[in-house]
Structure formats: C-alpha cells, structure tokens
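The two complexes that follow have chain A in common; it is paired with chain B in the first and with chain C in the second.
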Partner chain A sequence: MDVVIALGMNGIVWGLIIALIALGLSIIFGLLDIINIAHGDFFMVGTVLAWFVLQTTGNYWLAFFIVPIIGFGIGALIEYSVIQPIKNAAALSIVATFGLSIILQESVRATYGAAPTRLVPPITGTIPMFGLEYEIYRLFAAAVSIFAIALFFGFLHRTKFGTWMRAVRFDPEMATAMGIPARKIYMVTFAIGFAMAALGGVVAAPITTVDFQGGVDILPFCFMAVIIGGLGNLEGTVAAAVMLAFFEGVMASFFDPTIARIGSLCLMSIVLLIRPHGIFAGATR
Partner chain B sequence: MLELSNVQAHYGKVHVLHGCSLKVNDGEAIGLLGRNGVGKTTALKTIMGLVPATAGNIAFNGTHLNKIPAHKIAGEGIGYVPQGRGIFPSLSVKENLEIGLAKAPEAETLEHVFARFPRLKERAGQSGGTLSGGEQQMLAIARCLILKPKLLILDEPTEGIMPILVQDIRKEIAAVNKTGVSILLVEQNIKTALKLCSRIYLMEKGAIVHEAATDELQEDKETLYRYLGVSV
Partner chain C sequence: MTPTKVHQLGIIALIVFTVAAPWVLPLFVDSFWVDIYSEMLIWSLLAASVNLLFGYVGLLSFGQALFFGMGMYGVAIGIAKMGLGFWPAFGFGTFLATAMAAVAGVFAVRLTWHYFAIITVVFSLIFYFTALSWKPLTGGDDGLPFSMPPIFTFGEDVKLSLTNTTIQYYFIALTVGLCYTLLAIVLRSPLGRAFRTVKENDMRASLIGLNVYLVRLTAFICAGFIAGVAGSLFAFFGRYASASYMFYHVSGEAVVWAIIGGVGTLLGPVVGTSLLIILREELSHVWEHYLLLVGSIVIIVVIFAPRGLGGLWHGLVNRLASRNDGTLDSSEETKL
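So, the complex of A and B:
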C-alpha cells in the first residue's frame, strides 16, 4: 500500500510539473497554431541550464530565477527566426520544430556531453506523510509548479497583456484592427512557452536526470495532456496532466512503467472515443 | 480626412480591388453600397491594413495608412466595426470595451460610455459571447468610441440584428456622427444607408462606379436598380 501511496504522490508532483510544461505547449498551439515537436527539448534545455547555473555559481536557487529569463530570451529568438517565417503553415511547423528539436539536442550533446547526470536537490530530507517518509524537495517542486501555474493564469486574466493574448488567440485580425500588436504577442507567447518549459526543467532536474534526450519522454506526455484536456483549453491541460500522471503513477506501482505508459495511451484513446475534443472541450478558451 | 486614390488589393492571386477611389470629409457620413462580392468589405479591410494595398494610396489626415503597420491604424483615429461585430466572446464586456487601450481608462471615460450604453454597464462582467446581437453591436461601437476616433468605419452594422433594434443602431450611428465623428458605412440595408448618409458611393467589380448625394440618388431609380438591383 505504501508503494501505491508513494507512487501516487510522485504522480501528482510529476503531473504538476508536466502541467507547467504542457501549458506552454498549449498556449503556443492555441495562439500560433504551431505543433511544437521541440517543446520537450525546451524542458531539456531548462534542466541543462539549471546544471550550468549550479556549476557556475554553486547555488541552485539562482536557477529558478535565471533559467526562465534565459529561456524567455531563447524562445523570443526562436520565434523570430524559425516560427515567424512559417506562420500559417501548420504542416510545415512540424518539420521546422522537428529540425529545431534535433538542433537543440545535438547542441547540448556537443557542449554538455552525452552522459546523463543526477543533481542533488537543493533541499534534502524527508517528512512523514500518509505513514511514509516523503521527500521534502518533491513537495517543494509541487509548490513551485502550483505557484508558477497560478502566476501564469493571473497574468493571462488580470493583466492587459494577458487580455491581449486571449484576444489575439481568438481573432488576430480584429485584435490588430483594435490596435493590438499581434506580432509582438506571438513572440512573447512563444517566449513564455519556452520559459515555462525551462522552469519545469529547473524544478524537475533534481528529480529526474539531466540528459540531452531528456525531452524525448516528456513530449508525448505533454501532448497527451493537451489532447485529453481539450486542444487549446489551458485549465483542461492542467487538470489532464495531473490526472494522467497520477493514473500512470498508480499503474506503475502494480505494473512495469512501460505497461503504465501503455495504460495512459489506452486511457487517452478511450477519452477520445467518448469525447473526441477532449474532456474539457468547450469550457474556456 | 480620408482619401483612397486608385487603391488595388489582392487575395493571393485574386484581384479584388481594381483602383478604388473615394473621399470622406470631416464630419461627413458616407455610404459605400454595392451588390454582394463587389469588394466593399475588402475596401474597408484595406483601409484598416488587414488586407495590404498592392497599389494606390490611402491617406488619413496626412498619414499614409498603407505605409504604417496595421495595428497602428486605430491609433491614428479610426474605429472599425467589422461585419459580424468582431466581439471577443471569452472576454468580459469590460475587457472588450478596454481592449484597444494600453492602460485602464479614466473612470470618467468609462462612465461616459456606460451612460450612452446603459445595457453594457449592467452586463460589464458578463462574457461578450453571451450578449444578444444588438448588444454585441452596441459593444462593438462603444469599444471604438472609447478610443475617441475621428472616423468610424462600420461594415453592415444592422446585419443579423432584430428588426426592432435596427432603429436603435441607426439612431446611435446618427448620434455619433452628430458629435463630429465622420462615418464610412457599408450596408446591404439600403434604407439605413440612405437615412444616415449624405453622400453615397456605388461599387462594382472592385471599383467605384457612381457617386451621388443621397437625395439625388434616391430620385435616380435607374442607377439604384442597375447597381443594387433594388428600387427604393
């Protein structure tokens, strides 16, 4: 039973981190109609940058602030150089972001190296919870993810720029006619998507490994969350990520992790058979 | 105020505007009429920079609109109410109203708009998509007025509106015009256009083919029938 509780809790924590990453994927898809195959690699770049900050400064906490800022900058640069030229060509976006994915992975392999590294969490120790000793860092990771997700929704719903993002997402032409700089909104949205994935990388690096292929596993999970949550539905994406990871965590306590992943895919297929537009489709956009 | 000189526009390879020329003077209300598909909406979108002008010139108070980014055109003093109203359904009425402003409006400005459109005040927190067609049209006009435009461009503002509310929309447009705001109106409802406008341009195949004062046009049954297929 302890294993089920532990893996279930790990699933929720992991689900919150995935939610943070998948939110970025969802806003990029919702606003720019870009199917971003490189999104998992944005996460991987976040883990590598976190490692780099730790190596350079000896202080992991700095990574929580510095890496999202660097991610924002890289995201803006990628939007300008890769995404902008292929805007309005969804099929081309798959090819372009696949190429971007290879470039990011190979750049990391050429500089950081091919060997995976484990990072020591900045908070060590355990705390008694539900009759077992649970890692404090995992609870901290969940708290940071919840805080970042809340901050994102606050930005989206309480600031002028967030309102503009929602307007451009619905009708870019009308938004432009009302004086909204849609071009700038696209760039900032993509950059925010990268920054969120990179922050997810900083949060997750001490739980998982720092590896140039670290994003490969994350990407399908993020896509599953976005699809089950209802394409472009941000709140649905968060809920679906947590539900999926919890489901997979509990499954993993009874079966092999591969079987657990197959279970998640089956769950997604069932959801799509019953509700082809996702569980939360038609809620908010 | 606004002058289009031999403006041409394309959708891809399709040539839509074939040298469109028209003029709107200060405080004037102008109608742009024509059958479906002659390029009226494209002409308005070209003024707003949403369809690029491939030739010709669009001047507004000395600024060449076809040479500035589309999102800066509203800031020049042009409000645009598109066909279908263009309300953002997931944004609240208040968010829709303030969408074109870089920062929150002064309370006085907001109260002024709400005094004019009391229904919008009652529904300020509601999603734009939950309003009726007439209320959405009021919102579309109000969010332009909050930007204090010099020219208001309206594309079929009475389309899809309950007949009982058409009169209200007409009154509102006339009231806006009386405050000195120029109007450029595209309408399928000929009576609305003839009532509101002092001058009418008739369009066919992407070009202006006839221009006349409203009174004069009302008497010219043959022209009305030839270009609009109606007799008033």
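So, the complex of A and C:
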C-alpha cells in the first residue's frame, strides 16, 4: 500500500509539472494553430539551462528566475524566424517544428554532450506524510508548478495583455480590426509557451535526468494532457495532466510502467474519436 | 521538348541507373553504395506512403512507421517463430501491415487535419510500446533476428537466396519498382482522381457524389500496404525486426523525406530520401552534428519551397518549356 501512495503522490507532483509544460503547448495550439512537435525539446532545453546555471553560478535557485527569461527570449526568436513565415501553411507547421526539434536536440548534444546527468535537488531531506517519508523537493516542485500556473491564469484573466490574447484567440481578424497588435500577441504567446516549458525543465531537472533526449518522452504525455483536456481548453489541460499522471502512477504500481503508458494512450485515442474537444467540453465554454 | 517528355526522360534515366547500379556504382564509388542505394529505395517507399496520403489526399500522417514496423515484424515473426518460408513471410508481413492500416484507418480517417496527425502518432506509439513490452514475441529492445530462408530452391543445388548481394539488390529494386508502377496506375485511375478531388475540396467532393470517408480510407489502406512492403523489404535487408523502427521519429523522418522531395509528385519521395541518405552517409563521418544541417534544410524548404524539390523541378521545366513554345503547359494530369 505504501508503494501505491508513494507512486500516486509522485504521479500528482509529476502531473503538476506536466500541466505547466502542457499549458505552454496548449496556448501555442489555441492561439497560433500550431502543433508543436518541438515542445518536449523546449522542456529539455530548460533542464539543460538549469544545469548550466548550476555549473556557472553554483546556485540552483537562480535557475528558477533566469531560465524562464532565457526561454522567453529563445521562444520569441523562434517565433520570429520559423513560425511567422509558415503562418499561412498550417499543415506544414508540424514538419517545421519537427525540424526545429532536430536542431534543438542536436545543438544540445553538440554543446552539452550526449551523456545524461543527474542533478542533486537544492533541498534534500524528507518529511513524514501519510505514513511514509516523502522528499521535500518534490513538494516544493509541486508548489512552484501550482504557483506558475496560477500566475499564468492571473496574467490571462487580469491583465490587458491577457485579455488581448483571449481576444485574438476568439477572433483574430476582429481583434486586429480593433487595434490589437495580433502579430505581437502571437510572438509573446509562443515565447510564454517556451518559457513555461523551460520552467518545467528547471523544476523537473532534479527529479529526472538532464539529457538531450529528455523531451522525447515528455512530448506524448503533454499531448495526451492537451487532447484529453480538450485542445485549447487551458483549465482542462491542467486537470487532465494531473489526472493522467496520477492514473499512470497508480497503474505503474500494479503493472509495468509501459503498460500504464499504453493504457493512457488508448484512453487518449478514445477521447480523440468520441469527444475530440476533450472530456471537459461544454463545461467551460 | 514538352515538359511531359522531359519527365519521361527523367524516369527512363532513373530506371536505367537503377538497373545498372550494381556495375556502375562500384566504378565511381565504394561498392557499399550499392547496399545504400537499395536502402534508399526501401526507405523511399515509406516516404511514398506519406506522400500518397499528404500529397494526394491531403492527410498528414505522422504514424506511417507503424505499418513499416508491422511489415518488419510480420516477416521476422513469420520466419523466426512460425517457421514460414520466404514468400509466405513476405506475404504475411505485407498482409499484417495492410490489415493494421484497415483497422486503424476505420478510426483515423474520421478525423482530419491536426487531429488526424495526432491520432496516427498515438496509434503508432501504442504499438511501439506494445512491441517493446511484449518481449517473448518481439524481442523488445534487442529486436528479433532471423536467418534468411531461400527465395526459391530446385533440387539440392539450385538455390536462390538474398544472401547473394546482387540477387538481394535486384529483388529489392524490382519490388520497389513494382510498387511505384502500381502507385502510378492507381493515381491515373478514377480512384486517383477521387484522391485529388478530396484533397482540393472535400465538401465539393462529397457534393459530386464521392464518399469522402471511403476515399480517404482506401488511400490510408493503400499507404499502409506500401509502408508494409517497405517494412518487409527492410526486414529482409537487415535480417531482423526492431521496435525502434516504429517510433514516431521514423515517421517524422519519412514526412521530412517526402516534403523535401516534393509532395504530390510520384518520384519526389525517391529524390528526397536519396538526398538525405546521401547527406547522412557522407556527412556523418565528417561532421558529427550534421543533423543540425538536416533540421535547417527542413525548415528552409518548408518556408521557401513548400512543394519541395519536385515542385521546384516542375516549375523549372514548365517555365523553360513555356519560354520555348510560348505557351504554359499546365497539364497537371500528366505530372509525375
């Protein structure tokens, strides 16, 4: 039973981190209509940047502030150079982001190297919870993710820029006609998406490994969260990410983790076929 | 010369080169290029199956590796576990891939656009993970090797087998050639026209009485068949099957080959596949991180030449022809 609780807890923590990353994927899809195959690699770049900050400054806490800012910058650059020119060929966006994914992975392999590294969490130690010793860093990771997600929703619903983002998503032409700088909104949205994935990387780096292929496993999971939650339904994405990770965590204590993964993939196909707008469709809009 | 003639000359040149390759290639380059050329031909079939869906029906599949993998496993399991001979194993691999495509297609082609791309990835991932965990049957990570049965035996002495490299080359070239011929025939038939109609405008296609769902499903099954033949051939070529060929990166590579070669042209995938494999073989020794170049090429092609090299070639030939004749040849129908 202890194992089930531990894996279930891990699942929820992991789900919150995934929710943060998948939220980035979801806003990029919802606003720019782009399936971002490179999103897992945005996460991976975050883990590598976190490692880099730790190497140069010796202080992991700095990474929580610096890496999202660098991620924002890279995201804006990518939007300007790659995404903007293909705005009119939506079908090819998958191919372009696949190329982007190759470039990101290979440039990390060229600079950081191919060997995976494990990072020591900045907080070590455990506290007793539900009859077992639980790592404090994991709880901290969950708290950071919740904070970042809340911050993002606050930004989206309480600021002028957030309102513009929602307006452009609702009707780009009308929004442009009313003087909203749609071009800038696209760029900022994509950059925020990158920054969120990169922050997810910083949060997750001490739990997983830093590896140039680290994004490959994350990507299907993020897509599952986005699809099951409903493409472009942001609250749904968060809920689905946590539910899925919890489900996989508990499944993994009874079966092989691969079987758990197959189970959630099957669930995702069923959702895609029966309710392509997600299981929460109708609840929010 | 009319554009049609130029294209016909190009095809004839390609056929002549393919037939002569085992003698011609070793004269200029190392003889292992013959092997690489057969590998290119096999992979180009996978790109052709992406092209059939995306270039002619307008469905971008990111999961064609699933059918490639099914073909591979069909052959490997057929030979190693069921003790089948060469032809039954080949048939089994192709059948497995086609049947898989039929089942997956029934669900997948209900969706279009992004949703279609995603569900094809999901299907391929499901079977990728299944193949990984079902070790007794598939060998999991290690793959499933097998020993090659003869193609044809007569008595004790006469034995035809792919262990002879020249026979292997011609077997692959002939099979790939047959597939392209078949594809060309289908694309010129009323069915091929239905494919293009659905791609241009599925609403109008259904208004003129086409069953859009059925047309898409047919295309999906054809594409699965082609990918399955490619997978079976690749299993014979490498003498093993492995789950890693079912991962979505392999599907992604096939999409890249098709896009760079030019979607919607019959031979574009061959060009794109050959080019990128040559790049890989030549550059990977010199520059470890040549993938940076591949990624950049993909993005540049998507931005500046979304119809790929095939599209550029057609544009060039048509422009030259119109300069000579003073008329623009716009016969899309004869495009190859």
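Here is the rule we go by: the second predicted complex is superposed on the first by the 275 of 285 C-alpha atoms of A that agree within 3 Å, B and C clash if a C-alpha of one lies under 4 Å from a C-alpha of the other, contacts with A are read in each partner's own complex, and residues count from 1 in each chain.
Methods note: contacts are C-beta pairs under 8 Å (C-beta built on N, C-alpha and C of every residue); 3 or more make two chains touch, one makes a residue touch a chain.
As the structure is a prediction and not an experimental result, all values here were calculated from the model.
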item: Touching partner for A:220 - first (chain B), second (chain C), both, neither; value: second
item: Contacts of A:273 with chain B and chain C, given as first, second, both or neither; value: second
item: When both partners are placed on the shared chain, which of chain B and chain C touches more of chain A; value: C
item: Which superposed partner A:182 touches (first chain B, second chain C, both, neither); value: first
item: Which superposed partner A:167 touches (first chain B, second chain C, both, neither); value: first
item: Chain B versus chain C as contact partner of A:57, first or second or both or neither; value: neither
item: First, second, both or neither for A:99, with chain B first and chain C second; value: second
item: Chain B and chain C footprints on chain A, overlapping residues; value: none
item: Parts of chain B lying in touch with chain A, wherever the complex brings them together; value: 48-50, 69-75, 80, 82, 86, 88-91, 95, 98-100, 102-104, 143, 147
item: Partner chain C, residues of chain A touching it in the complex; value: 29, 33, 35, 37, 82, 85-86, 89-92, 94-96, 98-103, 105-107, 109-110, 216, 220, 223, 227, 231, 256, 258-259, 261-262, 265-266, 268-269, 272-273, 276
item: Chain C - residues contacting chain A, complex; value: 54, 58, 60, 62, 107, 110-111, 113-115, 117-119, 121-123, 125-126, 129-130, 132-133, 248-249, 252, 255-256, 259, 288-289, 291-292, 294-299, 302-303, 306
item: Complex contact set, residues of chain A against chain B; value: 160, 163-164, 166-167, 170-171, 173-183, 284-285
